[in-house]
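What follows is chain A paired twice: with chain B in the first complex and chain C in the second.
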Partner chain A sequence: MTSTLLEEVPPPRLTPVAGVNEALQRRRARPGGRVYAALRWAGATIFAAVVVGLVVSLLTSSSQAFAHSGIGFFWSGTYSPSKDQYPTGVFIVGTLVTTAVAVALAVPIGIATAAFLSEVAPRWIATPLSIAVDLIAAVPSIVVGLWGLLVLSPAFAHHVEPFLKTVPVVEWLFHGTALGPSMLLAGVVLAVMILPTIVALSRAATASVDVADREAARALGGTRWQVIRTAVVPGARTGIEAAVFLAIGRAMGETIAVAMVIGNSYTIPHSLLSPGSTLGSAIINNFGEANPGLDRASVMGLVVVLLVITALVNVGGQLLLRSRTRTAGTRP
Partner chain B sequence: MHLPVVTGPSRRGACGPRHHRRVRGSVPVLGLALAALLVASCSSTPAASKKNPPKATTTTVTTPSATSTTAAAPAATTTTAAHAATPTTANAATAAPAAHTAATLASACSTTGGALSATCDTQSPSLQLTGAGANSIQPFFARAFYYFNQADHGVSVNYSPAGSSVGVSDIEQNTVQFGDSEIPIKTPASGTGGNILQIPVDLGGVALSYDVPGLSGGLKLDGPTLAGIFLGKITTWNDPAIAALNPGTSLPSTKIVAVHRADSSGPGYDLDQYLIDTAGTAWTSSAAGSTPSTKWPITNVGVGEQLNTGVASFIQQTQGAIGYVEYAYALQASFTNAAIENQAGAFVTPSQTSIADAGAQASNLSGSNFNIIDGPGSATYPLANFSWTLLYQKQSNTTLGVVLGKLFDWVTTTGQDQAKALGYSPLPANVVTLAHQTLLQLESSSGKALFS
Partner chain C sequence: MTSVAVPGAPAPVVAAIGARRDYVRERARRSLARRRLTSRVAVGLCVVAVAISLAPLVALVTDTVSRGVRVLSANFLTHVPTPPGIPGGGISNAIVGSVIIVALASAMAIPVGIAAALFLLERSGPIANALRLVADIMAGVPSIAIGIFAFAVLVPPGGFLSLGHYSGLAGSAALAVLMLPIVVRASETAMRSVPRDLWEAGLALGVRRSRVVRSVVLRGALPGLVTGNLLAMARAVGETAPLLFTAIGTELFTASPLQPMAAMPLVIYEDGTQALPAAQQIAWGTALVLLTLVLVLSIVARLVAARLNRQAGRV
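== the complex of A and B ==
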């Protein structure tokens, strides 16, 4: 029996075995606890200081841009540092569109993979497959970007995009020239990058659904698919939603991989095949040689906008999750 | 051409006087980390640190993500932690008079005159130099610094190709020993370390490469047509404007996809300058304006790709694409390049010879007079430029100043062979002289000339 357990046990009625009390006292007297507490405080303080410092330095370094353009910083104009114009609106649209494409692709695939891994797949498939998913998570974004640029981009230009233009109904999303670099390709690359997050977290969520729920569904004569649909996925819903919000955050903030495949055109896209630009890609393309002063402040302004949007998504997600948990808690 | 040494620089322990690097304000944490690294790597004795021979030239290939941080150059330094301490002595020398503890090797050079082939050069104090700047010169620098290290094992150079304006701002803030920029600083150039010397170190050109099926070569383009293409006004390859310049060539009706650099670039600046000079109001009345910019001005037409490599791979993949790349890159990728109309009205394709011709007509080059775009001469390629290395005139660390002087004297003379091998054109003789004369102005902190 470990000593932690001993501490939780109610006061013994019987006399403890000789030496146990002494051992417990020795344990409490060790200085390790105090050091640990100090470390905890130091860690928390440093973390808080880093966050506050980050926000303060971002705001101060971008203040010139907001002072110059006011609220107009958030939209229109051609990007032209020499004319003090920064089309933040174009970048926001690009960010939202590419993220939407990524989520639309990655969420169904991710949840299906997670359900397959935890419910259907025999162990000899599930183990290597989940290792493979984790491996994708470990691939640095520059590598995904290079793969998108050198492999996916020509494949999209010559095969995928021409094909999509021939699919009835959805082809209105895909008019224009098939170039390769496009909002679509950026969304696909982002989907690859957020897939592991969704799979890993959703799998943990589905695996933690109460066995009793599954058994109940099965007892009612449910097929395997019905069990997944009526018991597993609803039970894991909170976890899956958390996974999706994390994934959205990552998709919005991605820079280099997107910059390599999106085509970096500063226009409002009229089709998913148009080249476009996101906040992240615009930041990375313009920061390197932004001149000190308004030019650099404007790029920092883009950083602030990105931070605000991701923060909004995160807070929104938290609120949604909290309301769900509360509802779930009141359930009998 | 060699620079004899005048004053006797002294050998200083690699971890001698310490000095906290200037790290830009927004990243004090990085500064602390760097300081910790320095302390850690210097806590051993100088003798111990000598056990680590300097690495063969390390050229940090910075990913674009690194280029986006102001701290790119300091970050590059920390990648070679063991040597990170050495460059800081550059800024440290003012703190204390040179330590004469090991004043043997370099001072021996001073009495014999510091010719690079002389034995003393192979015994240069071991130094790791840090530089940052233009991306277009990266292939040349990587190769040149490697060969310099072969000739002089003591000196290794860490160059971060983060972009021209990073090179300028890093040298102005004295965080690197040298910067490099496709566009020099307007004279008089100065930074926190005083007057900045600007040395032309290579001669490159900008190729307009294309991939048009059914058009194998011989495409001719002039300023107004190029402007039309990059403004999105000329959209197919058989446009009348292109056909008029290429009589007898069968042009396909393929759509034109113009690709520009998404990041700032020297080649973009050069093409912008050429279009301002030759395309008239069609270009200058657009968003481009009449001041050339490293940031490509027309961002809503065609596709933007990162760095020379991104543009090159897009041209390779896309039928109907045309874009601008540093000639050395176009040569490596075996691209078909358009012949561009020069000032004399002739259409010239980029080549080492035609770019050398452009360089040859340069006279009185300086930080304010560096433009060799659209130069005279019927065989001159109109899109050529020099790349400029930026150094402080007053070198607070004499040892380092001497090494820097020798390094760039070598780069502009013997090292030009390496440029030639990569497709850059060798510097014309008058520019080599200019570089040499400029390097002779290097001074110690007390104002004494380092070379005679």
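== the complex of A and C ==
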């Protein structure tokens, strides 16, 4: 074995050249290395301090509300800031329903669009469309909200919502007056908001699937759709799941666009056409007028609830992705 | 059909083999026909999905452009808002406010973010992993929570860091918190793309570590750093929720970040939710200016990345 041969060679004796040790000492003592280390630590510490500060300050400023209402904070049914009652349960339901509508609309359409762009479309269509989608993903949510309020809302009140009430099977979801601003409209606006993100990230994921996988599926006689279903989508699954989790998190945490189109009602919604409220929209609408003290602490409590829900989604998503990539790495 | 038979086999066996082969062929043909049909239908549905997803996105952009262009004028860009009921007026204060707020936020977030990214790059182990996980989770924190946090720390009178009133600086701080995790993760990814060999070559030459980082890692990662940070700025300039209870908005022109400051997203929210057509027009005009700014930042980010990548490839 070569290694034993090498080991038998005695290490050369190093005769220190005059001044080398001193030079090394000087170099170690030079502040450059220490300044750089301090810089890195400072960056990490400030970042960690900001995160800890965020959690601690929101918890302390909302503690009064939780101490006052206890667990009742989550289901005190009537909205009454004067009695410091916030129907948190209604807001949570609103958040979940609007997010569900948005995800149900945007995820299938988004993934199908991504599959089309990366697998079906010729390059002269796919490249410009992909760039356009990437750019539209940067459109601020306030602009989407403005469009939802001034363009989509009248269209919904006059055309879409009356039409949905006539559709058999699902019409029970659409009882009530077609006003425009509603849980449904909020969900649709959220869907428009998260759609480019889903398309852009899913397309990046499908594009990174190995060409050999596609060729293998094709060589086995797979049709175009079978290649997508058996090679591309499974290969891109982690990336697509990441996109969906990110989209859910964004939809839940969105405030401005939702507050503009949801109608801001504090009663329990009985259909998708009723106006409602989400945690985010309730925070915006109440924080400005909240008096310091219990009133403000209650709105802070809503922030904490929103933070916990979105953190659960994010932590769950991150852990899932990390376990997925780890197992994928060990696969032969 | 039965063209080839087993030589010397009895006639019934030959017939059976032939029948079997015909059967298998028929099955294969039907299967292929069925799979082709499924494929056509599925791909057709994908095309429908593309149409459904493009329709609102295209409508969103064209509506904003067509309605915004009607309002846009030199006056609109260079004047402060007029009192309600008086026609004219512009959003110069909001444009300047947005630029100042985002510039200050970047000045806070980018150095800290790059330093934290270097920490993640140089260190492995539980601390670095925890910090990375925290950065990923922070990137998903709702922006309203960050705005309320900035309010709680910087706005109410009597606080340790508080100015005692609403200010553009508080808005900048909120946006900096929003940008920080994006900057950290984008910078780390960019710097990881610099080949380890270059890093080690620098160290092997006996160059100081801080110097290697400056001339090899930061230099090599420059396209990624520029792109990542410009995208973070594009994200920040369009955010409304962090500014609502910090910068709060004003009708006046101010360049002092210690005062309440106007910003374009706040103008869109305030004017867009009013029933007055004049106010809604201002909201559309502001939306167009904001959209243009965000798109220009995103496009420049991509162009810079492409250009620097090309240069790096040539050298």
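Quick notes on this one:
In the analysis below, the second predicted complex is superposed on the first by the 280 of 332 C-alpha atoms of A that agree within 3 Å, B and C clash if a C-alpha of one lies under 4 Å from a C-alpha of the other, contacts with A are read in each partner's own complex, and residues count from 1 in each chain.
FYI, a contact is a pair of C-beta atoms (placed from the backbone, for glycine too) under 8 Å apart; a residue touches a chain by one contact, two chains touch by 3 or more.
Source: prediction; values computed, not measured.
Overlaying the two complexes via chain A brings chain B and chain C into a clash. Touch counts on chain A: comparing chain C and chain B, the chain ahead is C.
In the superposition on chain A, A:Ala157 makes contact with chain B only, while chain C stays out of contact range. Using the contact criterion defined above for the overlaid structures, shared-chain residue A:Leu312 touches neither chain B nor chain C, since it reaches no partner.
Of the two partner chains placed by superposition, only chain C is touched by A:Pro108; chain B is not.
When both complexes are overlaid on chain A, the residue A:Leu149 reaches chain B and chain C alike.
Using the contact criterion defined above for the overlaid structures, shared-chain residue A:Asn285 touches chain B, although it does not reach chain C. Shared-chain residue A:Asn264: touches chain B; no touch with chain C.
In the superposition on chain A, contact of A:Thr177 is made with chain B only, not with chain C.
When both complexes are overlaid on chain A, the residue A:Pro275 reaches chain B alone and has no touch with chain C.
The residues of chain A shared by its contacts with chain B and with chain C are 50, 57, 61, 142, 149-150, 255-256, 260, 283-284, 287-288, 292.
If you check the complex, the residues on chain C that touch chain A are 32, 35-36, 38-39, 42-43, 45-47, 49-50, 52-54, 56-57, 59-61, 63-64, 111-120, 122-123, 127, 131, 133-138, 140-146, 148-149, 151-153, 156, 177, 180, 184, 208-211, 213, 231, 234-235, 237-241, 244-245, 265, 268-269, 272-273, 280, 283-284, 287, 290-291, 294-295, 297-299. Of all the residues in chain A, the ones that touch chain B in their complex are 50, 57, 61, 78-83, 142, 149-150, 153-154, 157, 177, 179-181, 255-256, 259-260, 263-267, 275, 277, 281, 283-292. Only residues 27, 30, 32-33, 35-36, 39-44, 46-48, 50-51, 53-54, 57-58, 61, 108-110, 112-113, 115-117, 120, 129, 133-136, 138-147, 149-151, 192, 195-196, 199, 221, 223-226, 228-229, 246, 249-250, 252-256, 260, 280, 283-284, 287-288, 292, 299-300, 303, 306-307, 310-311, 313-315, 318 of chain A touch chain C when the two sit together in their complex.
Contacts from chain B toward chain A in the complex involve residues 26, 29, 63-65, 67-69, 72, 162-166, 169, 255, 257, 262-264, 287, 289, 291, 293-295, 297, 299-306, 310, 313-314, 317-318.
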